[in-house]
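Look at the two complexes coming up: chain A is in both, with chain B in one and chain C in the other.
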Partner chain A sequence: MFKVIEIFRGIEIPKNNLCRIGLSVVLFIILLGSFAPLIAKDPYETNMAKRLESPSSEHFFGADQLGRDLFSRVIYGARTSLIVAITISAFSMGIGCLIGAVSGYFGGIIDDVIGRIIDVFLSIPEIVVNIALVGVFCTIYGSSTWNVILAVVFTNWVSYARITRGIVLSLKEREFIFCSKAIGAKSSWILFKHIIPNALGPIIVLATLNVGNIILTIASLGFLGLGIQPPTPEWGQLLNSGKNYIATAPWITFFPGLFIALSVFGFNLLGEGLRDILERRRIYE
Partner chain B sequence: MNDVLVVKDLQVHFILENTSVKAVDGVSFNVRKGENLALIGESGSGKSVLGMTILRLLPKNVRVNGKILFNGSNLLELPEEELRKIRGKEIALIPQNPATSLNPVLKIGIQIAEPMEVHLGIDKKIAIQKVINLLKFFDINPAEKRVNEYPHQFSGGMKQRALVAMGTSTKPKLIIADEPTKGVDVTKKLRVVELFRRIKENNKLSLLVITHDLLFAEKLADRIAVMYCGQIVEVCEAKTFFEEPLHPYSKALLDSLPSRGLKPIKGCSPSMVNPPQGCRFHPRCEYATSKCLEEPPLISNGNNNVRCWLYD
Partner chain C sequence: MRLTRRDFVKYTGFGAASLLGMSFLGCMTKETTKDTLIIGYAEDLKLRGDPAKIDRSIPKFCVLERLIEYDLSSDDFVPSLAKKWDVESGGKRIVFELKKGILFSDGAEMDANAVKFTYDILVVRKHSVAPRSVEVIDDHTVAFNFDEAWVLNFAKLQDVHGLGVMSPKSVKPEGDPNGTLVDLIGTGPFKVVEYVENQYTVLEPNRYWFEQTGLEPKIKKLIVKVIPDEDTRVLALRSGEVDVLIDNYHGGYDYTPRNQLSALKKDGFKILTKNIPYTWIVVFNYRKEPFNDIEMRRAVNYAINRDEIAKIFDGWVRPAWNGMFPPEVPGMAEANIRYEYNPEKAKEIVNGKDVGEITLIVNKSQSDQILVAQLVQQQLKNVGLNIKLETLEKGVYKQKRNSGDYNLRIYYIGGSERTFYMRIFWRFLPPEKPWKVYMSDNVTEKAIAVVKEFDKTKRRQKFIEFYKALYEEAGVAPLYYEVVAVAEKPNVEGIKFEYSEPRFYSTYVKA
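== the complex of A and B ==
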């Protein structure tokens, strides 16, 4: 963990505007999600008297078709989306980095086999595989948030593996790796102590950008009714439930859509900003 | 049994698509217990490749023949795992470029402790304590603070001393130093000599120094081996080498020193893909005769071994 901190030491985030804006947006959404119980009301409480009520001082975002407070549902939705997206990103990063590092470091047949597997994954549209997998998991294990996580991780690790493989290919020719071999270190030692800490910068950038993408994927699955199941509030699913009332009560779709856009925007800006900072540092080195 | 390392008829050929580069072609020499042997030669004569071959650190497209005997076992035939236990424990390699041989994201202390952790199974905390003592020994002060610094906070000379500290930490029997004076100021070269002398005070070890720096070799070495175009052309005591070298190449090499007239050797070093037939040096040699088209063996002449027909 402290290696990650070491990488960020000396970075002055406020100097980079992209980073500054992105970080504010991301922090804003994270804070909203974390303090949801303090800010919002009960997102499950229905009140048919307030069905499809428009935004007011009592219900900032209005109410949905069951009279639930939309503001609360959107904010609790931020919780779901962020937790699931970050979990997926973390799992994919672990799996992808390990596979990519092994592939790049050992080369030869291992690299060929992993390379072809990656090619196969890249040749199929991700969302199609995700939809199919969620369906399969649902019939076997019943509906659960883990279905979505596993299905997305299944296609998502590939980008981490590709990036890590590339970095490792260039790192393993560096002299300090040679030096480490000369002192008799094992391959696993070299991989975990020397190669992965050096590869962390670009991987962190990728992970940040990736969280934005995953939020979109989760929302897409939710919109199709395959994601996180109601009544748990989730942005894509809120969009779906509002689509029949788009002419009469547009706020049901507008506010979840706004939050999806805002969070993806925030993570992308943060990622781009981090890339600027880390790449510049690499060139400087 | 006075030899730590015996190399017999070593050939290292890099296999390319339709040719092979004969980087080392039939090299035999030995390193005695406790001695400093300097392996000298021009750039591209195969010195560094020879050093790396000893620890089998070469890429895969290489074909190695011959024998490298260390403590009676042939390093070229040892399984990878056995060899790993020798690397850094029995034979340490001090790499060419101190600037790039340290991992930029790890603290110096952690890196110097690596060989001890890998080979002696010493706990990290105790190893760091030992590193602090090593840093003090090699004049990197204040050691307690320096141990937690990163390579970019070290100067070039300090990085080199850190690498030497790393190499000596496991008390190896043989240290191979690859171009230790590369990029070191003339004024600091004597300090490198002193550095290597200091290592030897406490440990009984042998030193194989690979260098093209004749003056440095003169200060440090007990014996000299001269390499030319993948072959060793002369092995002798350091004193004899600098006073009366035998091989025409050694003579020409010494004559090219500024203090001895700065006379360059005519011609260029030959290609390693198609080395000249017979004696490799004959196209550039002023004593060449028709006999030189045949390859001379290593002929012993008193204490010296020389690969030249002049001494047959």
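== the complex of A and C ==
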């Protein structure tokens, strides 16, 4: 499988086993989520006769307090968590890269203002802001997945902006940028055609590492009852719903918890691996 | 005198043995009971500011007492601070003769002026349970005048939304019904000694109440800790931070989650419950499609398996098969109502109709109701209704409820015993308000007949007609009959229910 990916992507998979494990775990979870309708039952179907049933051949992960198949809910939960996490990561990356690139490229007062804004965001714990924002959005607009996406993007773009700004500061002194300027290229052209594409490597590493963190944030919000609302299956919310039964039906918390841990572990290992690749390339260059 | 070594050893040994013995004795006497009971409760008791807004539970049944009480089992209003009463002007005027020698916790006598002062607090605010006016006839006789001649007037005087008799010294300026509450003084078994808003309240026994009743207080302090979140309250009980959890027995949103009662019991906590005339229901937005159609409302009633819903709570509640209220409510058993679970019939009704997506809203501050809503959603889905479940913050839920932006919602009717009559008024009688659950010419007429009727036997018959009318029009879909619950540590003894309320005057905590 790794060979195929190597040929297809044209990138070298490092010999690092942990990275391979990370990639396997991530692919495994993505595949589970993608093929959920084929491998899982209806995650909403209740059956009170099976309420709090322990894991069995019929219900691999047992049943929850409404007799729903927990395996199906965890698998569909993977879909929810991954889709939301990747959406947040994409939005944050887009916003953060643009702001960071503008800040680094133009410098001066723009850089100062953006720099201070970034400092302010970095000085406040992200989860506190996320909880406050989701709470406000829920109170005003009612519960929605978009509340979670907006609240997390609000704090998450900062790390992208900081990294991008740093890269752009070094890139803009490179010869090919001077050449572009010399032939009269506009700033926007230089930014979008030369600077951002060249900064993408480390940003993609950051995004990969970040997906793990975002999954944790979504699960934390879900656990606090602020995230994605029932009956939509989501790992944090599944953990929350099982906490009252931890002594009598521990499987309700165990399996969602396991999948949260696995996905974070997978994305972090993969991110670390990608960082190794980039590092090697940089040294080679 | 010279002290020999032998004497020294003898005396110190004796001294040490005496000290040890005394400490054992001390421990034995001291550890038989603890002198403080700590209660975990969801709400602040609101003991400052507007006296009409004090909390509906502990201040009203631990500190204050009312003129009369309501006994659901006999459907009678019974004396409390009032000795007897006369109904005049066809029911528009009730003259109460007060018991003599009842003292407030500050030692002053409870008299007609205190009663007038208390009810004037409601009168000046045009409160929904206020009489039109209150007159002092003499020190121990007071008359209440009402706009309407109906039995509901009695219900208003003992309802939890109203007040119990408080001393005019409770407010500043003293005796001013528009005044500000500064120190709640009542005639009940406890008096308030300390209050910190949104944190805790400390109560101590009111010696005058205990002298009057001939009882001995078994605790020296009752501390009510405010813990708004339901899960945190349960954790506080488990960790020993509080001894007892009680419901905000008014109903609604703040109580010990029923889905945690079994786990608490399994872990050694004691659970006391009492059936109350309180039913969780599905409310239809019957003013708009599709539930303006009686057939669609019937379909929902056929589709709901109430046994399954009660199973969520491991049998702590009863499935609502027998009508709007549980069978112990006046006239309910005689009404002989039985909801039918018949998903096939529901499918037949739904199949012929194009109803689109139906919105079911639920308040997310209650984990119980979120579970119920999910099960209802699935049961309705099974008969072909496409239900979108919206789990909403309390504020957003109210906003949607008030604007009518929903098709179905999870709500409740009834309440504690003392709220039984007023809830019929608030849920089924005009004028149109967001908290009404169903009104039609027929049902409303029959509900009015109930709350007007003074004669108990005739009223029972009118109750039956009202229940039947509501059932025939499928005005609501009852889900389960609620209880009032107390969760307590195994060493807490002596809490008992009077009417629907847990009482603490004979409570003690074993060390």
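Observations, loosely collected:
Here, the second predicted complex is superposed on the first by the 272 of 285 C-alpha atoms of A that agree within 3 Å, B and C clash if a C-alpha of one lies under 4 Å from a C-alpha of the other, contacts with A are read in each partner's own complex, and residues count from 1 in each chain.
Assume contacts are C-beta pairs under 8 Å (C-beta built on N, C-alpha and C of every residue); 3 or more make two chains touch, one makes a residue touch a chain.
Being a predicted model, the structure only gives us computed values, none of them experimental.
For the composite obtained by overlaying on chain A, chain B and chain C can both be accommodated side by side without a clash.
Within the superposed three-chain model, A:45 lies in touch with chain C and out of touch with chain B [touch as defined at top]. Of the two partner chains placed by the overlay, only chain B lies in contact with A:198; chain C stays clear of it.
With both structures placed on the common chain, the touch criterion links A:225 to chain C but leaves chain B unconnected. Of the two partner chains, chain B is the only one touched by A:189; chain C is not.
Of the two partner chains placed around the shared chain by superposition, chain B is the only one that A:179 touches, whereas chain C remains out of contact.
Once the two complexes are laid over each other on the shared chain, residue contacts for A:247 go to chain C alone; chain B is not touched. After superposing both complexes on chain A, the closest C-alpha pair between chain B and chain C lies 49 Å apart.
Annotation: chain A has no residue touching chain B in one complex and chain C in the other.
Of all residues in chain A, only 3, 6-7, 174-176, 178-186, 189, 193-194, 197-198, 285 touch chain B in the complex they form.
The touching residues of chain B, counted against chain A in their complex, run 55, 57, 84-89, 92-93, 95-97, 100-106, 114-115, 118-119, 163, 166. In the complex of the two chains, the chain C residues touching chain A come out as 231, 257, 259-260, 262-263, 266-267, 308, 311-312, 364, 367, 370-371, 374-375, 377-379, 381, 389-393, 395-396, 400. Contact residues of chain A toward chain C in the complex are 44-46, 48, 51, 65-66, 138-143, 225, 229-231, 243-245, 247-248.
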